[in-house]
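Everything on this sheet refers to the single structure shown next.
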Amino acid sequence: MGQTLITGLATGGIYALLAVGIVLVFKGSRVLNFAQGEMGTFGLFIAFWLIERQNLPWIVGALGAIVVVAGIGFAFERIVVRNMGDAPRLSVAVATIGLLLLLFALELKIFGPSPQILPGPISGLGIKVAGFFVSPTQILALLTAIGLGIALATFLKRTDFGLGVLAASQDPGATRLVGVPLARVSAFTWALAGGVSAMAALLIEPTVGIFAAGFMTGLFVRGLAAALIGGLTSLPGAFVGGVVVGIVEAFIQQRYVQSTFPGIGSVAVMVVIVLVLLVRPQGLWGKAAV
Amino acid sequence: MSDYLLELRDVSTGFGANTVLHGCSYHVSKGEIAGVLGLNGAGKSVSLKVVAGLLPAWSGQVFFLGEDVTKMSVEERVARGMGHVPQGRQVFPDFTVEENLRLGAYTLRRRDKSRYKSVLDGLLERFPILAERRDQLAGTMSGGQQAMLAVARGLMSEPKLLVIDEPSAGLSPVAVQELFETLKVVHETGVTILLVEQNVTFSLKVADRVHIMQRGQIVYEGIVGNLDTDKVADYLGVGRLLSKSLKASAPEPVVTR
Amino acid sequence: MGRLLEIRGVFVVVLLAMFVGAACSGGPAPSAADPAESPGQIVDNGDSGKIGGGKLGKGKGKSSGKKGGGSGGTSSGGSSGGGGVPADATDGSTVSATGQKVSEKQQAERARRLAKGLPTVNMWPQSTAQMGFTDDAITLCGHAALTFAEAFDTRPEDINVYWSMVNDNGGVYGRDVHLTIEDDAYRPDNAVQAAERCKAKNPFMLIGGIGFDQIPAVRAWNEQEQNRLLYVHHIARQDLSKKYSFSFLPTVEQSGRLAARWILAKHKSDKIGVIWRQSEAWEPGHKTFLASMKSAGKGLVADLPVQKDQAVYTQQIAELKAQGAKTVFVWENGLAAIELIKQAKQQDYHPTWVVFPFQIMTDTLKEEMLNPPVEGIAMWPAYVPGATSGPFAPYAAEIARYEEAQRKYGRAQKGNDILWMTWLAMKQVHQWLLDCGPNCDRNRMVALLISGRHKAVAPNCPFNFKANQHVGGFLGNIFKATNVSGYGPGWVQTNTCVRI
Amino acid sequence: MTDITGWPYESGRGFNFRFTKRKLIALACIAASIAVPPLLFRSTPFLPSHIALNIAVGVSFILMALSLNVLLGYAGQISLGHGAFLGVGAFASGLLTSKPQLPVLVGLLVAAVVGALFALVLGVPALRLRGLYLAVTTIAFAFMMEESLFRWEPLTGGSAGLELPRPLAGTFAFSQHADYLAFLLVFLVGFWLFDQNITRTKIGRAFNAIRWDEKVAQGFGVPVASYKILAFVLSGALAAVAGALYGHLIGFINSESFAFKSQPNYSLLLVIIVVIGGLGSRSGVAVAALFYALLPRFLEFLQGWEMIVGAVALIDVMARHPGGIAGAVRQRAEKRGEKKARGDLSSTDDDELPKLPKLPRPAGLPERPEILTGSALLEVHDISVTFGGLKAVDEAALTVHQGQIVGLIGPNGAGKTTLFNAISGFVKPEGGSAKFLGRELMDLPPHARARLGIGRTFQQIGLTKDLSVNENFLLAQHVAADYPVPKGLLYTASAGGSERAMRKRATDAIEALGFEAFTDTPVRNLSHGQQRLVELGCVLVTAPELLLLDEPSAGMSPAAVENLGERLREIRDDLGRTVLLIEHHIPLVLDVCDYIYVLNFGKVLAHGTTEEIARQPEVIGAYFGEAVA
């Protein structure tokens, strides 16, 4: 029983990281970034190239991936999101689908379709934690998720620019009228979201082992569920949502591990999404944003 | 170049195929409270959006502090000293009063962080209701209190010009009265005010000069106190009923443009 | 009502036009000849004594005049028909399937002996029986998971190493053998489209690569009236209804039985669990495994279904650990096994895994494969690059010849188990082509196979099509992951050609 | 009312060509001529089989894209998981035709039914969701199907999948790709006719209205909920058939063929095709579908580059033309047309409202009870509406008698529009009742109230702005379209008759307004005054008993306001209609209204005849903040 809870918490931490990326972009430019997952996979390929082909240490590969994907987020915002100005949000969402397909096609073209294996930051066997068993990478994932959350929360609340980012999500018009450069806020959130998605991918991959093009898109939907539970506009909500989704999925899968009906876990996650949308579209913390 | 604090010169703009402003021009001199009046849909608020930079002008120019700012971004105009009290107040509901004020001082804190404390305390003194509710979320405050907060937030960046858009909409008469006094006090401290207001009497009480807008153009401009009441009443579609009350407050007419 | 009729009328008219058009064109359709249903005789103009009745021209030169089309079959229209017997069919020398230099005359003699009394097969009409054969070339085409090339480290040019070697030594009865591989991306729907591309090349033989899901799809495709190629493929379901498909490897069902027999022999005392891919192509093996276990009175502590590319197995591992399974049979492909073992190690769970052994697993997991050593069941001999001593000694010569050919004709890298497996398969096909003679055609090839007269080329395990005319394999090898000196962890053969 | 779904809509006009009878027969011949050649030249060099195969794939893509266009293009319901419907159709047909060997046509039929059922399951939550939230639900639905149902071995064979045989016509099997191409082309003609029947009947217009603004649709009597479900069901059924046809073409499908992660990802690719093709434009979508299906197949050397180029093209098109290519084409066409139209306009002062159309009561209207002149038409008793703690309307009561013009005045934020919304049914009041002709409105949905004979205008012009003036007049007659939906889909004689009557009535109304020049101009390109006029015309075209007008004088010049007064009197006296009018322009109110209610802070401050109210200037003074002095 406890083991399932631990596993749920660990994967939940990773879903939370994904959800934070989704919520950041939604707060920054009121757009649901469908490429959030695939940006992570692209980061994995960059890390793979740095670590395996140029055999640099893991940390250098990871940082390289985070910087490159943050750059992709920044560039996409600067080139596309900005000059779409106040075009309907769905057109911008479709543009992010374009980014998803572009990254997917680039991965296939540059790195080839075959699955790759990337070693985790700390290998070695699992450790006993209060009688239950967790792998080192899962612990690292959870710690990073929490650490990033705290760092982000303090930055947003303490600094002026951070306050500007939070204000942008409440009322973009008023934010500009107090002198906050909305363009820079939007660029910042997209770059940060890129970095966060690369970090999430780097932490998920070791637990899964093998990754290929499109690897993260499957997990994107779970990150989306987590963000929705939080209400798409609240960072703490995204965290709680991530953990909830992780634990629900773990318990359902554990309960039906013998059954031959496939994909019970993902069915549970989807039912959660639909229920949250029907009952409380603005999620547990957020305000009705759309 | 322009010798007014703020001047709109032959500005036309609109949305898609609809042109709203057709060569609209008006000006605000330093230390003055200028009111822009007009019926619904005359384009009053649109002109403020052009002043703020939220809406690009298709043609014509906007001058602020004598400089042509037509192409300048919203943020830069605020940095140069243009404070805003937006339509419908648009306070940040999930922020406390103090956080709203701190955000209002965004440009001030970038210019000179040390002045923030003194400006904040000064304003809290002048707006006691805000001082009491310093840590209350703006979203939970009443319409009148939010209006006060919006004005205070606009003042936090020590603006040279405060642009206020329909502050009285949706306020109870008592709140309107308080707002009137506040604006009078604010004006005394030397802040120039550009006011767009649908409530005619309120504007005439507050403003020094009045510009009347009709279908995207200024059709009448005059100093309060010597307005051609019949013409004003007619433009404002208020009809003869109200001309009586207008007469009381406007002695002699001024030739129109 | 006028308008209503009119609309419906238009629709009906169009449908009628379409069917009428179809009906009338269905009749004297110009090309799609319907092959005779029942297997008939080998088309050979009676005197089986003479090979193909064609005059055997002299001289080795490639350009020697084209002999008149042998009686083998009139070539109607381009390469789609068969070629005749090449002039220099039996006067040169070539390399035999076992690697010795041998004269074509001797091989032709042996083919003629084997041809006597072959059962009659008439699965292809005379006009297309020799498709893929021209005077100086034989075309073969295959489908395989090339997109997983990097993972399995195989490229089209590597797979062609065997035939480059044969063509360099005179080819088969003077004909060069050209093999092209179409990529099926390890997915059944792509495999059908790859087979479609192969069909456009009119190959003599369609060869199927690894893939429990891909092969059934192509077999079904191949039975359709306008396809019907001679399809030789890797492990697949029994499914004898597929008349045009042959495999000299055991079936999915037999592999399941072999695994059960091995586990009962070695791990009877342990608690046993099984993880199996939930798919129609994998289900038969799982069924026979369970049946064998049950017949031996051995219950399973865990029987867990998984999906293709499931990637996350935490719950299954937790269940196996909870049930205390000491030996786990992984009825899934190599990539899934890697993820499973990797994730199990992270959950501090170390049973004896029984898997399909691939070199990518030992190369990736390295030491994690060794304690306790992972066991594997394979239908091909073990291979570790460069290792020729110890258990590899019996077929060290073959390994050396393979690696030498890789260096000479391939991308000069050290080769891997997939290429080794392909090398052995091509070697077997070479033997068949030689045994089938210079005037071979598809009917004769099939007759040769189902007669059981051909010989299995070492180190492949022996096979025999006599049992059911379509599946020849009935033996398998048992591997164990061990540290091979000079290379590191690799698969080593502990038990050879174990009976199923 | 801003565009709730936040979606840039281009009307279905595009460059579709309209079908008359003569063209229909011509089309049938074209279809036959397309279908027969592939049969005759089967796998000869003229049409080699792999070319036929690629073209057939192109045609299947068109069918799939058309199915999504109905849902996303016409009705504006964002479905990002359309691949799931393709899969459902393919597996349903596969199951029936591979194991029990049923004929393929039966398989296709069952696929359509199953697709419709699954669409129903997805359609119900769609009723309450908008924009991005709906998009997310559809993705969740697609993932649920892909990761569970499509992998359920007994149903789909799991990763081994199913074989889908080619159809049989008696002994003739469509095994050659050229034959199957012919089979597909017949279905293409069928889809095209079906789609055309949607756009030219009340169904397509209702979809467009729902896409633009549900309130406007309800105002014209469109039962929005049931039409949304209809959009999902039609789209689901068409998608299932298209998926099945594609399945039978490639002969084999497994759990991954329609997966989200598969290559290509059908769900997203179809969205791209519909969006790039320009929403709602049938021909644009078909061209985009062909382009996307055939490009990678014919330009083999592109290998991998085509997806990169495709993705960049999509991002670029979205950035520059949120309305898609056809949208861009239309914008250019309209710009030319608009300049011409605006040209003639500037000559006349567009705010002069010419005479309003005096049209007889349309035949198809539902029966209405007999009304005695002067009797109470609308009686509202203590309606209260609160928004987040703020009492927008506080026990308001008013009565409107037949043949009267009643004014409702009050400062901004006094609750006037909220009261209107309560009467029209867009807002649920806490308590109180509103009787119209004795019928209690509170237990009727908005569209039912409209059918009773209540016309409504909106502050931001209640028209479908991307549809043409003519189509708005047709939409306005939705209440009078008395043929059932299935008849409309088959465009039966009765449906055709009713449509022709509505078309004639629309042309009469447009002529009466003198707007013939702008019949086909999208309303968006008219001036504010003209749009106001078209809205008035639309509301009047079904001769409703009561008109709720929300600030018609907003943005009008004094001269135009004078003219508006004339028109209002004309509506009351000549057309015998009753009007409840929200207005800011006091002189207009005093001049035109028979009775006035003054509202402030949601309460009725005072009410009385115009003379009584005029005598109490302090009432209006208070209204203007006189108390401030």
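Per-chain residue numbering starts at 1, and chain names A, B, C and D are given in the order in which the chains are listed.
Throughout what follows, contacts are C-beta pairs under 8 Å (C-beta built on N, C-alpha and C of every residue); 3 or more make two chains touch, one makes a residue touch a chain.
Bear in mind the structure is a predicted one, so any value in this text is a computation, not a measurement.
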item	value
Chains touching both chain B and chain D, listed by label	A
Chain pair with more C-beta contacts, A-D versus A-B	A-D
Rounded Å distance between chain A and chain C, as computed from the means of their C-alpha atoms	43
Separation of chain A from chain D, taking each centre as the mean of its C-alpha atoms, in whole Å	36
Rounded Å distance, chain B centre to chain C centre (Cα mean)	82
Residues of chain D touching at least two other chains	147, 151, 153, 158
Set of chain B residues in contact with two or more other chains	none
Junction residues of chain A - those touching two or more other chains	260, 262-263
Touch relationships between chains, expressed as pairs	A-B, A-C, A-D, B-D, C-D
Chain B contact footprint on chain D (complex, rising order)	338, 342, 411-413, 524-525, 527-528, 551, 554-555, 557-558, 561, 584-588, 590, 601, 614, 617, 620-621, 624-629
Contacting residues of chain A [partner chain D, same complex]	32, 79-80, 83-84, 87-95, 97-102, 104-106, 108-109, 214, 217-218, 221, 224-225, 228, 260-264, 266-267, 269-271, 273-274, 277-278, 281, 290
Residues on chain C engaged by chain A in the complex (per definition of touch)	147-151, 185, 278, 302-305, 307, 311-312, 314-316, 318-319, 335, 338-339, 342-343, 345-348, 364
Interfacial residue positions of chain B with respect to chain D in the complex	16-18, 39-42, 166, 168-170, 172-173, 176-177, 180, 198-202, 205, 214-215, 234, 237-239, 241-242, 244-245, 248-249
List of chain D residues in touch with chain A within their complex	3, 5-8, 78, 80, 125, 128-133, 135-137, 139-141, 143-144, 146-148, 151-153, 158, 260-261, 263, 265, 268, 271-272, 275, 304-305, 307-308, 310-312, 314-315, 318-319, 322
